[in-house]
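Scroll down for the structure; my scribbles are underneath it.
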Amino acid sequence: MCLGIPGQVLELMTEHPDLARVDVSGVRRVINIGLLDEENIQIGDWILIHVGFALSKIDETEAKAALQFLEDIGDAYADELMALQSSAILDEQQAEVPDAVRG
Amino acid sequence: MCLGIPGQVLELMTEHPDLARVDVSGVRRVINIGLLDEENIQIGDWILIHVGFALSKIDETEAKAALQFLEDIGDAYADELMALQSSAILDEQQAEVPDAVRG
Amino acid sequence: MRYVDEYRDADKARALAARIAQLCEPGRQYKFMEVCGGHTHTIYKHGIEDYLPEAITLVHGPGCPVCVIPMGRVDDAIHLAEQSSVIMASFGDMMRVPGGSRSFLDAKAAGCDIRMVYSPLDALKLARQNPDRRVVFMAIGFETTAPSTAMTVLRAARDGLTNFSVFSNHVTIIPAIKAILDSPDLRLDGFLGPGHVSTVIGCTPYDFIAAQHAKPLVVAGFEPLDILQSIYQLMVQLSEGRSEIENQYSRVVAWAGNAKALSVLTEVFELRPQFEWRGLGFISHSALQVREKYAAFDAERLFELPGVRVADPKACQCGEVLKGVLKPWECKVFGTACTPETPIGTCMVSPEGACAAYYNFGRFSRERLQQAGSPLAVISR
Amino acid sequence: MRYVDEYRDADKARALAARIAQLCEPGRQYKFMEVCGGHTHTIYKHGIEDYLPEAITLVHGPGCPVCVIPMGRVDDAIHLAEQSSVIMASFGDMMRVPGGSRSFLDAKAAGCDIRMVYSPLDALKLARQNPDRRVVFMAIGFETTAPSTAMTVLRAARDGLTNFSVFSNHVTIIPAIKAILDSPDLRLDGFLGPGHVSTVIGCTPYDFIAAQHAKPLVVAGFEPLDILQSIYQLMVQLSEGRSEIENQYSRVVAWAGNAKALSVLTEVFELRPQFEWRGLGFISHSALQVREKYAAFDAERLFELPGVRVADPKACQCGEVLKGVLKPWECKVFGTACTPETPIGTCMVSPEGACAAYYNFGRFSRERLQQAGSPLAVISR
Amino acid sequence: MTTTGELELRVLDRIDKARRRKAKITDERVTLAHGAGGKASQTLTDAVFLEAFRNPLLEPLSDQAVFGIGNARLAFSTDSYVVRPLFFPGGDIGDLAVNGTVNDLAMAGARPLYLSAGFILEEGFPLESLTRVVASMARAANAAGVQIVTGDTKVVERGKADGCYLNTAGIGVIEHPFALTADAVKPGDAVLISGPIGEHGVTVMLARGELDIDSDLCSDTAPLHGIVADLLTAVDGVRCLRDATRGGVATIVNEIARAADVAVVFDERAIPMRAEVRGAAELLGIDPLYLACEGRFVAFVEGAQADAALASLRAHPLGTGAAIIGRVVADPPGLVLLKTEFGGTRIVDVLIGDPLPRIC
Amino acid sequence: MTTTGELELRVLDRIDKARRRKAKITDERVTLAHGAGGKASQTLTDAVFLEAFRNPLLEPLSDQAVFGIGNARLAFSTDSYVVRPLFFPGGDIGDLAVNGTVNDLAMAGARPLYLSAGFILEEGFPLESLTRVVASMARAANAAGVQIVTGDTKVVERGKADGCYLNTAGIGVIEHPFALTADAVKPGDAVLISGPIGEHGVTVMLARGELDIDSDLCSDTAPLHGIVADLLTAVDGVRCLRDATRGGVATIVNEIARAADVAVVFDERAIPMRAEVRGAAELLGIDPLYLACEGRFVAFVEGAQADAALASLRAHPLGTGAAIIGRVVADPPGLVLLKTEFGGTRIVDVLIGDPLPRIC
């Protein structure tokens, strides 16, 4: 629970070792990284922000592996769909849906 | 110096013997009459008001005498004017003055 | 946005949904509880249910910090805010939560000095800026948020601030899950574990769910694909007859959690013998209070509080909703007497509350959804 | 309005004016000083000069409490108002008076808590209503006003108020008259005595003017006929070779003054060794300070004050105007750099100041006046 | 004495020049005086607003702009209302806001048609008070025959306003051929007032309660377009109309004397005023000529038609206390004089800042 | 599952009825929500203002009233401005006040002509800031081709305002034959936005400094009558226009869906938004659909003309980021739906109160 947003470390505050300037999609805030003492946070690292504190360092390897899993599932599904497309049923269904809401 | 305005006592505040409700031409304020302890202020009396305090009780006899003096001077002057009015000079002078500012 | 956009991809969602549908045993119904209100919010905000077959029902859990605050605590907080010396600092989430008679917003309109903050550190800043006032931070949240409050108390102590305190309403999630598992009303097939709580506590505290209750739990992230994938993992476990603790959100959650956060939390807070949860009643060892050592920063010790227990409104069925026993729309006042504008229960206030999420985002029937072109409608045919 | 309207009658004014004109010795010039700013105000507001022959000149005296406050005292008062705990209570008259760099109005606009009051008792009320603030009453005025301040201090003492004090700038009129009589620049033929000061001090304190300086003084009321009559009485004395103290304002002023007011004044205040008057410099025994006994109500004892003496602006000729040596329009900046909107000197601020009265009400030449139909034009021809 | 006389004249000319110089702001901060309608307000308007916005329609700085769209001649005006207290004897901020804008339109001889209403509310303002204000606006609009057709509401945090501020803007249509402008005023014109002065100003000042003075006075707030229409029908020599709001009769007549480069001479005895207004003014040391009215206007009328104009005003229920209070003369241009009851003459200048009670 | 389905449908009908019930105020005091443009604002407007002022011109509760005087069709609108801070990247309260009213007129398809300006200033407000605000108004008026022709200034005591509040009212003339009203909207219409959303709202929220978040965002404040005029020339199937100010795109589209008794379906992927706006919204847990724009408008256009309308918008410098963001459908009437980027569907409801940052 509780809102957590990923951000990327832009700058480490040399005078305040527990503070870092973090970018979230172009907006920036100073975030307390005191809870990540043991993570040795560096510029460019991604962290999870919650109420002005960094709660964890995002693990890029884990992220990649997970995405790969999703992509594999996606590719397999796409193949199955290709097979299905010889029948025209799906196209007909989609035509009933208004343009703007077509997925 | 200092603004002083005559007002008439409307009401003595029984619970606060140094306070009186005073009328000034239809507007009313509670005034401190503590400086007039020795004057035995009564309803109907006129007092001089300054910064919320009564500074003196107005002496009606003195006032009448003074006004009488002014009226006497006025009457005497009116008689002299009457005497002058046989000559038309004054009327002519007044005609030069715009209506609205005529004394 | 990195780590966000990748997890909102509709193509991958359709693929996952197809796999999930394939895993459904014909005739079997599946009930999963998303423990966390953040998940509830994501589910409705992105329309995730549209991807789920009718056989799968998501049941909303008690993990909404705002929803579980009992009215008496809100009244206590307003009592604090009413002291002319006090500046009450609060997250925006709390502003509309009704106490016995009014909310922070009402109290503010009536003259209390209540300020919204983004971080407990902002409350500390307020205290520094207003040395002649007493700043009280309305501390709410689960284990996700409590370390931040604790860090703030530690900093106030280090800097010797004498006009800062916290009114702790921090709660812990495990006792709430236990209470739900012990409830006779509800048959659940598995749990979506609260991802952000797990950044702090890690994944091992859920072991008893697998071990003692033989239910699977997948610690889930907060993007829609995270949730869909977690459901997929639950379905795989069920289809394989497993009940284990898995971590779908491994990019953010370390299995062991955050040791530093836990130590800070433990330094400042200790478990209360018991604490009242809105709708759920008193649950023992389910909440955090400031330790004696930091008494100087504990609003409960510094101020006298009325501490009156206020009974929930009769019409309110938040308890049932928080336990997952009732769907929001099954509450009698849902959407009529109880709306986000005129909330009766807390679940209608917090954007993480199931009632609010359903009312704001999900209030239409499956039939209508299908007319509007639900992806499920497309997939399942 | 009784005791007002009777004294504004134009017919009686014409009659008095005729008598006054008759009393002028051909070729002789008469200079009378109205000591009191209230008289100055009345003279211009009602156009009394229109009734006077050219042979009679009215010279404006120092009896304007606002005009004579030195800039350093205003700065001290603003310094008090700048204390965040302080509410400064002031008569409206003081609001625009410039100190070294700014006025109460400026300070208020910049954030000081300065309230206008009608009575010192209103300041006391403010103190009761704001127990966590310190209310300072900006006490100004001559003997007319000082008893009211004294009564207020006595009441604060009786009620045990601990957050009320007065910043006394009360001054006394006799030393100022003495300073003027000692000035070599000015030849005066007589005085209009300050009627409202005399309600308190009576008429005997002026005896030295008749006895030692052989000048007549008539204690005058504040309606236009009062002033015209007082001038008449002065002219009669001069024509008869007398120089006495007379009381034109006998309806209000008792010869002995107000004993109670004097005793209250003396209970709370004592004479300062010396005090600076704007434009006039230091005059000994010319001002009142709170006695030791009431130290708890004396802002000068309770607060630290900068107490810096600020020199009058170079262009300012208020001193000469206050001593009657210069007519307002003879000051080089009158009406150009110095206007009521941008006052350089205090005489342009107070409605009782000679410069303000002349600028606001009297700013036209005798020639134009006659064109506009001056009563004098009518009478004298 | 000739040299003194000459010197005095030279000084007066110097002053006159100084007064005609372009307004310059010397203050660093806004003070209450800038909103009081007097000299500081005028300086602010001239030096800041006119300087930046300058255009021929704004330039006359009347209380309304007059322009044509299509075949219609329209008047357009706005005012904000920040009166304290919100409710006072005889009225409230609501009817004030309607009548105030209706009157600014009426002063151009326009028939007011449509109003806008902008509310700035302070968080915590009682809804019951808002409902009262709004009901009063509705009643006033109804009475004035205007419709409130568009509006806006903003809420500001507690402590950032004082309960309720209002703005109204209004559109009216001008259906007669006269151009009522300040510079049409000429020597020989008569100056009329539609009723006794200062009641609104004193009522509100006392209603604040700070002075602890009470009275039976009521605000004079009223819509004036009806009585104006009657006047324009009765008399074709009307030069200029002005409602005597902020700054009072003295200030608006000064504005006109300056704009027309004429002098105005008031007759103090002719100025209608209730005893209570005078009493309060004497007690507080303020001049009633500077007190705001909200239902009185000053009419400049060709001298020959003064009596007809007076008769027309007196025939209307809102004009029973009307009077001829002065005359326009040529000299001294730009000045307003008062022939006092006592028989003297004095200047009546533009108000400096807020009228502050004079006490000592 | 049929019984559950039926029950759900019954519940939904009950809710629908509750939502259509006449608005009733239950609050005792005004809260910030009453000024936020969402549900509470609408309730206040319906239950207090409309109830008291009811007339046919006010009744549509558009951002402007439209009426004829003489042979001209006019639009009339007002807004007050209480934005904090007064100066923010890309604009200030001054140009906001000009553009805001210009845009409310433009949304009726009017050519804005004349503005009024009402200032409520706090004692102590720096004159330098006032001069900046006024200069900005003058520039904005110039850029928009409107004249500020009448005005008013009030000063309130320190602590009774927040520096400077502004009100503008405006008059525009409608020179084309179309009636642009909410109830003209029909199923099959396309919904367009003239540019990326939320920049003004985020910019101002961050400029307050309380959140300690910085960005390179600028307010989108701009006058829209030019781009509207081009659109009306290019396309004759324009049904209704609304600038997406307080309450954002979500709120105004809800208003129209209700007024026209239609549903609107947004396509989330089509909604133009700068990355920074999204970033701030995610960080604060607020929905960008509710963020105010001050230079964007939503156009409802006959479906067949959607592409022509889009081309016209994109041809104007203020419309380069325009997009077709949704379609009007018949069912469910009165609701706004969002087809999410993720492929799901959700409701987009009216804003409840001020958007509060969601943190936990």
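Things worth noting here:
We call the chains A, B, C, D, E and F, going by the order they appear; numbering starts again at 1 in every chain.
In this section, contacts are C-beta pairs under 8 Å (C-beta built on N, C-alpha and C of every residue); 3 or more make two chains touch, one makes a residue touch a chain.
Chain by chain, the UniProt names read as follows: A, B = Hydrogenase assembly protein HupF; C, D = Hydrogenase formation protein HypD; E, F = Hydrogenase expression/formation protein HypE.
Here the structure is a predicted model, which is why all the values come from computation and not from measurement.
When each chain is reduced to the average of its Cα atoms, A sits farthest from chain D.
Of all residue numbers seen at the chain E-chain F contact, over half occur in both copies; the interface is built from largely matching residues.
With centres defined by CA atoms alone, the chain at the far end from chain B is A. For the pair chain B and chain D, the distance between mean C-alpha positions equals 21 Å.
With centres taken as mean Cα positions, chain F sits 64 Å from chain B.
Averaging Cα coordinates per chain places chain C and chain E 60 Å apart. The distance from the centre of chain E to the centre of chain F, with each centre set as the mean of the Cα atoms, comes to 36 Å.
Residue positions 1, 4, 9-10, 14, 65, 91, 108-110, 118, 122, 141, 144-145, 225, 352, 372-373, 375 of chain D each touch two or more of the other chains. Within chain A, the positions touching two or more other chains are listed as 1-3, 24-25, 50-51, 98, 101-103. Under the contact definition stated at the top, the residues of chain E that touch 2 or more other chains are 29-33, 123-124, 211-212, 265, 275, 278-279, 282, 285, 329, 337, 339, 343, 345, 358-360.
Chain pairs that touch one another are A-C, A-F, B-D, B-E, C-E, C-F, D-E, D-F, E-F. Here chain B touches chain D in the complex through residues 1-4, 6, 8, 24-25, 32, 34-38, 46, 48, 50-53, 55-56, 58-60, 62-63, 65-67, 69-71, 73-74, 76-78, 80, 89-90, 93-94, 96-98, 101-103, going by the rule given at the top. On the chain F side of its complex with chain D, the touching residues are 123-124, 158.
Those residues of chain D whose C-beta lies close enough to touch chain F in the complex are 108-111.
Against chain B, the residues of chain D that register as touching in their complex are 1-4, 6, 9-12, 14-16, 18-19, 35-39, 63-65, 91, 118-122, 141-142, 144-145, 147-148, 151, 173, 194-197, 199-200, 222, 225, 229, 248, 250-254, 258-261, 264, 352, 372-373, 375, 377-378, 381.
Taken together, the chain D residues at the contact with chain E in this complex read 1, 4, 8-10, 13-14, 44-51, 54, 65-66, 91-93, 95-96, 105-106, 108-110, 116, 118, 122, 140-141, 144-145, 224-225, 329-330, 334-336, 339-342, 351-352, 359-369, 371-375.
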